[in-house]
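Two complexes follow with subunit A in common, the first pairing it with subunit B and the second with subunit C.
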Partner chain A sequence: MQARLGASQIRRVRQFAQDPLLVIIAIAVIVFVVIAILLPLAATISLSTSEEGLPLFERYLFDSTYQTIIVNTVVMGVLVATIGTAVGFLFAFVQVKLNVPFKRFMHIVALVPVISPPFAVATATIVLFGRSGIISRGVFGVRYDIYGLDGLTAVLALSFFTVAYLNLRGMMEALDPALDEAATNLGAGKWRTFRTITLPMLAPGIASSFLLLFVESIADLGNPLVLGGNYEVLATRIYITVIGLYNPVGAAVLCIILLMPSLTVYLVQRYWISRANVVSVTGKPAGKPQTINHPVVRWGLFLLVMFICGLIVLIYATIIIGAFTQVPGVNNTFTYDHFDFVINGLGREAMEDTTSLSIIATPIAGVLGMVIAFLVARSKLPGRGALDFATMLGIAVPGTIIGIGYLLVFNNPITATLPVVGEVTLIPKLTGGQGLFGGALAIVMVYVIRSVPAALRSGTAALSQIDPAIEEASISLGADNARTFRRITLPLIRPAFLAGLIYAFARSMTTISAIVFLTTPQTKIMTAQILNEVENGRYGNAFAYCTLLIGIVLIAIGGMYMFVGSRTGAERTIEGGT
Partner chain B sequence: MRFKLMLVTVSLMLLLVSSTMAQDTLTVLCTPQEDWCVAMTQAFEEETGIDTNYVRLSSGEALARVRASQDNPEFSIWWGGPADAFIAGSEEGLLEQYESPNAEDIPVGYKDADSYWTGVYVGALGFCSNLEILEELGVEPPTSWEDLLAPELSGNVAMAHPATSGTAFTAFWTVVTLKANELEAEEEGTGYDEDGVPTEAALDNAFEYFAALHQNILQYTRSGAAPGTMAGQGEVAVAIIFSHDCTKLQVEGFQDIVTTTFPEEGTGYEIGGMAILAGAPELEAAQMWYDWALTPEAQEIGQTVNSLQLPTNPDAAVSDLSVVLADVNVIEYNFQAAGANRTALVERFDADIAPEPVD
Partner chain C sequence: MADVRLKLDQVSKQFQDRGGSGQVLAVDNVTLEINSGEFVTLLGPSGCGKTTTLRMIAGFENPTQGRIILDGQDITNVAPNKRDMALVFQNYALFPHMTIYDNVAYGLQTQRIPKNKVRERVRDSLAMMGLSGMEGRRPNQLSGGQQQRVALARALVTEPAILLFDEPLSNLDAKLRVQMRSEIHSLQRRLNITSVYVTHDQTEAMALSDQIIIMNQGRVEQRGKPKEIYRFPKSRFVADFIGRANFVETTVEMIGDDQCQFQLFGMTVTSVSHAEPCQSGAAVVMIRPEALALRRDESLPQGRVEQAMYLGSEVEYIVSLRGKSLVAVDNNPGSEIFEEGQQVGIAFVREALHLLPAEN
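Showing the complex of A and B:
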């Protein structure tokens, strides 16, 4: 048995090695993943387990102050995940199960938070609901204390619920209405059907949304910095440990403490929920989903969703109007000064740098995602499961940890001493102002590894829906692997590719936690500049940055649709399934 | 293949561009408020034709950044921010000595005897309060450090984090000094040791004070001036900041909203420092900046952007709006001791005070 297995493995390796191009690409991809993802992570882990680091674990884990911070982080994560998933569920439910007006509007509003920089919502929330907020104080006359857990939870839930919404909507649409009908025919009421049929069927989706939101929120740095008040979380602690104290060991230890819940959740999501998936997505639902007509439920939920939509619109209106306001909330005179500052002044460099680096990173991430998806789903590459896992770490690991890992690995050139040539630089210094391209390469790498996982997921999802027989046919007709990939596979996964591109660009433009330690005098990044403006209370400038950033992302999405996207029916079906 | 060729050419071109650029550029690590950094770099660029770039980092962040990149310095000159951080930096060997011919014009008290740094401005610490919020809370503008501990001000005081901000560290050392004076008044030798450095007991008393103050702090910001804006916007009642930063707010639209007061028992002050970084990649340009920044003309630039710190060059004109140190009860601020203890103190502050939950 053993020998047989070994033989079959060897055969598979040999089979894989038959195509030299594929081998070269696979090696290149693996080298990149190792350098850009695994090495920084390994450096952080090894520093934290060094002689200096290990005692710190004891200090942090058994110190009551740090215990509070850890508990704070988890409490915040659970609250955001619960509320965010609930809001996402509500939006999805209204979209799929209710026959109400303004559904398109609700859908678009729900998508908005994805493309906005992290501080935008927090800052607008302070202007609206802070202690001197336009609404809290102006309308209701209360000096509401938004700083701390309550404000943070609300802002984070609003920023992240879109993931839950898209996830759950997809599942709800895929539910076979026949089940509902069967329940109804057997005499169950709507509520009973919802409780005993719909909810259990959606449980995996709810659980995975919950976990995703949990990971996103405990990794978030921007919002706790702006809105945290005295509510300390691990992400802000790590930030101050690096930026104020330059204590890499302490930061690495805190990183590992933060990594544990993130990684656990990721593993649970990957190996437990995906297996426990009870929904059988057979492709097409057998009919239209039943709608719920009970007036109280229908209009009650409708009003609730419209209220949340109203809140989101209000927040984004504040951002845009605030960008044209002298001192938002204090002196409401109209002005172009903030835009002048960003477009013609200080912000220009950051805007240009960020946009061009994102433009560089986007196609790389998109192509890399598709190539890895192909390697994982189609090729016989040995260890492809590990490749998939390693790539996914790019997003499963909180951004601050990536940033610190980069500082640890790439702050000095990596050299090797070879027997004949002597010392050779394998990788030059990448981070800091004296790094390669003024530190820009490191930032592009971070953009890529943060975006590839999404492209990979949509790529594998798309590939899993394409019958391998189509590709086999191409090969038996004489095309080689490369030609088959280019002519057959690629066109079929184009929508997934497009989705990956859009995600990559939006993610790159709005990321903060992973690059906040990597900006240099030569390479300025918009999100880091926004943080500066917000922190110093120059909300007008911050809003102008945010407005422009949202504009750039929207234009880029439009552009990508024009160049890559096509909207033929067949491809839309695949996209719908991702 | 063609793509690869293109890639190689592009990277070669970029390398060429970056190497030619390196000759007449200057990268400034700038600690004061952003608009002053802009005005200074622009003026210097006009004056010399050197392409001048800057990054604004708060004092503590700047020190951390310089420390992190000491093998391969990203910056050539560090301009502004309390001298404490410069003294800490020179003790760690992060700074380069430079005897500027123009440093002779600067009074002895405002520069380093070993020429590691020279003062470019001076300013006193104060309390910046939002009048409306204070009235609502039924509290008078604070005139002593003890006033800040009033329970009414719970969650209504803001200051920066001493680890990142020189302003906050100045506030911290001011309290250390006041506590040392108190001890010394009770019994000679308990407040200061024989070298005039505050004793461990004085430090402990200061930490005790900040632990109590912590209960009233809404948020520790990164940069020193940020709490002022929070006061202006009514998010807190009182901000502990440099008085010139409060004046700047008043001039820029918050005139009837905020007011500056000083603690009667004494307040601290800063000497804004300037130094060339050890291993500066653009040494010549850095020296040109150093000489230039000490001239009266360069020191008068601050006023044009409402940064109303006092110039250190006696020939520079002083704005009417500036707070003159002689008008305020300024303590004897031991910069040397403050700088030498800075790193240890901010670490202790960060470990013992900042992350504590508020009851």
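Showing the complex of A and C:
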């Protein structure tokens, strides 16, 4: 049996090896994933389990300070996940099930948090609702302490609910309206239908949104740094352990403690929910979903969503207006000083570096995502499941851990001693000012690995919509794999490719948690600069950065639409009469 | 003696079980030869291994064992794009983002044929399929039948050594299917192109094929001309799969060198066919429904009409005869239509009786 299995594996390898180009690409991809994702992760794990590290686990897990931090982290995660999922559900429900005005507006507002650095929301919230907040003090006359769990939860939920919204909206639209009709036909009222049909069918989507939001919120570093106050969570403690205490071992141990829930959620997501997630998503829905006309439900939910939209608009207006005011909330005189500082002063370098590194990382992440999607979904590459898993770790693992892993692995050149040649450098020093390209390569690598998972997911989703026979037809007509990918597969998954590019660029421009460890005097990154400005209370400068950053991302998205195009050309064009 | 174009030599295919560890034998030691210009159909129920066999010929699956030989050359390990074959897919698999012209030209462009030659051949091929004027359209702007024609044109234009069909008509509605069937028939006869056709529709197989290969559970059950297979099936499975049949258990007695006789509903029948397993012992008589005729005749064995269904072109009866239910079909417009519950005499067309080995 063993021997036969071995033989069949050899045959599979040989079959895959029929196309040398595919083999070369697969090897390159695997090498990249190993170096950029697995190695840093392995380094963190091995440092935490070293002789120095292991006793720290005991110390941290039984120390009351750290216990509080762990509990804080979990409480925050659960609160954000619950509220964020609820808000996402609400937005999705209103879009799909209610016939109300301003739906398009609500949709766009819900997408806004994706393309902004998290500090923007946190800082604007301080300006609006903090101790001297424009609204809290100015309108209601209270000196509200926004710092801590309450402010943090609100800001994180507002920053992350978009994921839940898009996820649940997709599922709600995919639900076969015939199910609702069947329930109604059997005598169930709207509420009973919702409770017994809609909600159970959406349970996997709700669960997966909850878990995603949980992971995102406990991994988030920027908001707790700005808004946490005395409420300390693991991410901020890791940051302080590295930057403040310079204790890499302690940080590695804390990383592993943070990694546990993240990884558990990732595994649950991957092996449990994705399996339960086969709810009637085959084919297009037959009819139109029934709308709910009960006036209290309809207008009550409408007002609630409009209120949240108003809040988001208010926050973003604060960012933009704040960028033009002397001291936002205190001295509201119009000024260009902040933009002058960012564009002509210190910020210029950061802006140029961040944008150009993001521009380098974006196509790499986009193409890599599509290539891995192809390898995973279409090729006979042995171990393609493992490749998918390893790639997804790039986002499943909190950014702080990636950042520390990079410091651990790439702070010194990686060398090997070969027989004849002697010592050779395999990978030069990548991080820090003396690193390759002033540390820029490491930053680009982090941008790429943090963005590839999303491109991979949208790529595999798009591929699963395409009948493999279409690619087989191309091969049967004499085209090799490369030609088939270029002429058939890539054009057909172009919308997914575009989505991957947009995500990669927006993500790269706005990411902080991993980058904060890797930015150097030679390579300045905007998000780290924003953090710096916020920590020093220069909110105006921070807002100017954020405004420019949002502007750059929006321009880039427009450019990508023009360059890549969102249509495959396969859509049915309706002609008059036919 | 026609020359052998394609040969499968003891080909087997094992798949990993969905569960993980187990193995499923999809194709089990299949050997077959296909002559130049022949139209051969692989016919069988779903899961019989016919599609896997076709995909191994096309190169999309690698055989676990055995060899595939094209024009005397072993192509078992040749990549699918290097094989001189073209496959017509069940759902056409047209490239949705390309025009009809680009779809048909695709294979020729891959062969790096000069542009003006490509244009000429694409135009000819589209004209042949009655698709002139559609060059600029996209696949989703065509009807199902037109899409099927494009798929055919795309495969034919490359002039492959072998044309492969994977249930190409199963997505069409009944009327269109019959029409396309006859188009494929005349096209293949005209171009004389060696073809392997996979289907589970026996009428399609009968209408199109020079040779039918009946597959069951990964194995070849029988191979022959459509008429041979219908008239002289070798097993109950084949008899049942091709057309409909009544089976009656009986006992055979030898009465000469290659003549035998058996009892059928109280009558003694002498077998005449050479294709029958003529040996003493238990056997099964196959009676096609059209070989049974119902008459008002007291001298015949008497049965009772249990069900009568008027289908227009024929009347289908279920009659019980000595405790056995038999299906009879009458397509003679001149004959009397019997009512349910009526007593009738049942006549057999002797020549249409066929002996099968008994199955345990």
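In the analysis below, the second predicted complex is superposed on the first by the 557 of 578 C-alpha atoms of A that agree within 3 Å, B and C clash if a C-alpha of one lies under 4 Å from a C-alpha of the other, contacts with A are read in each partner's own complex, and residues count from 1 in each chain.
The definition used in the following text is that a contact is a pair of C-beta atoms (placed from the backbone, for glycine too) under 8 Å apart; a residue touches a chain by one contact, two chains touch by 3 or more.
Keep in mind the model is a prediction, meaning the values are calculated, not measured.
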| item | value |
| --- | --- |
| Touched partner set for A:S208, first subunit B, second subunit C, both or neither | neither |
| Touched partner set for A:Q95, first subunit B, second subunit C, both or neither | neither |
| Contacts of A:I488 with subunit B and subunit C, given as first, second, both or neither | second |
| Subunit B versus subunit C as contact partner of A:A479, first or second or both or neither | second |
| Partner chain(s) touched by A:T510 [first = subunit B, second = subunit C, both, neither] | neither |
| A:S136 touches, of subunit B and subunit C: first, second, both or neither? | neither |
| Touched subunit A residues, subunit B compared with subunit C | B |
| Which of subunit B and subunit C A:T125 touches, first, second, both or neither | neither |
| Partner chain(s) touched by A:G229 [first = subunit B, second = subunit C, both, neither] | first |
| Overlapping contact positions on subunit A, where the subunit C interface meets the subunit B interface | none |
| Touch list for subunit C against partner subunit A, complex | 14, 16, 58, 60, 62, 64, 77, 79-82, 85-87, 89-91, 93-98, 106-107, 110-111, 138, 140-141, 154-155, 158, 164 |
| Sites on subunit B touched by subunit A in the complex | 14, 18, 27, 33-34, 38, 53-56, 60-61, 63-65, 67-69, 71-75, 133, 136, 155, 161, 163-164, 217-219, 221-223, 225-226, 228-230, 232-236, 253-254, 257, 281, 346-347, 350-351, 354-358 |
| Touch list for subunit A against partner subunit C, complex | 8, 11, 15, 18-19, 467, 469-470, 472-480, 483, 487-488, 491-492, 568-573, 575, 578 |
| Contact footprint of subunit B on subunit A as seen in their complex | 65-66, 68-69, 126, 130-132, 137, 143, 145, 147, 225, 228-230, 232, 237, 240-247, 326-327, 329-331, 345-346, 407, 411-412, 429, 432-434, 437-438, 520-522, 532, 535-538 |
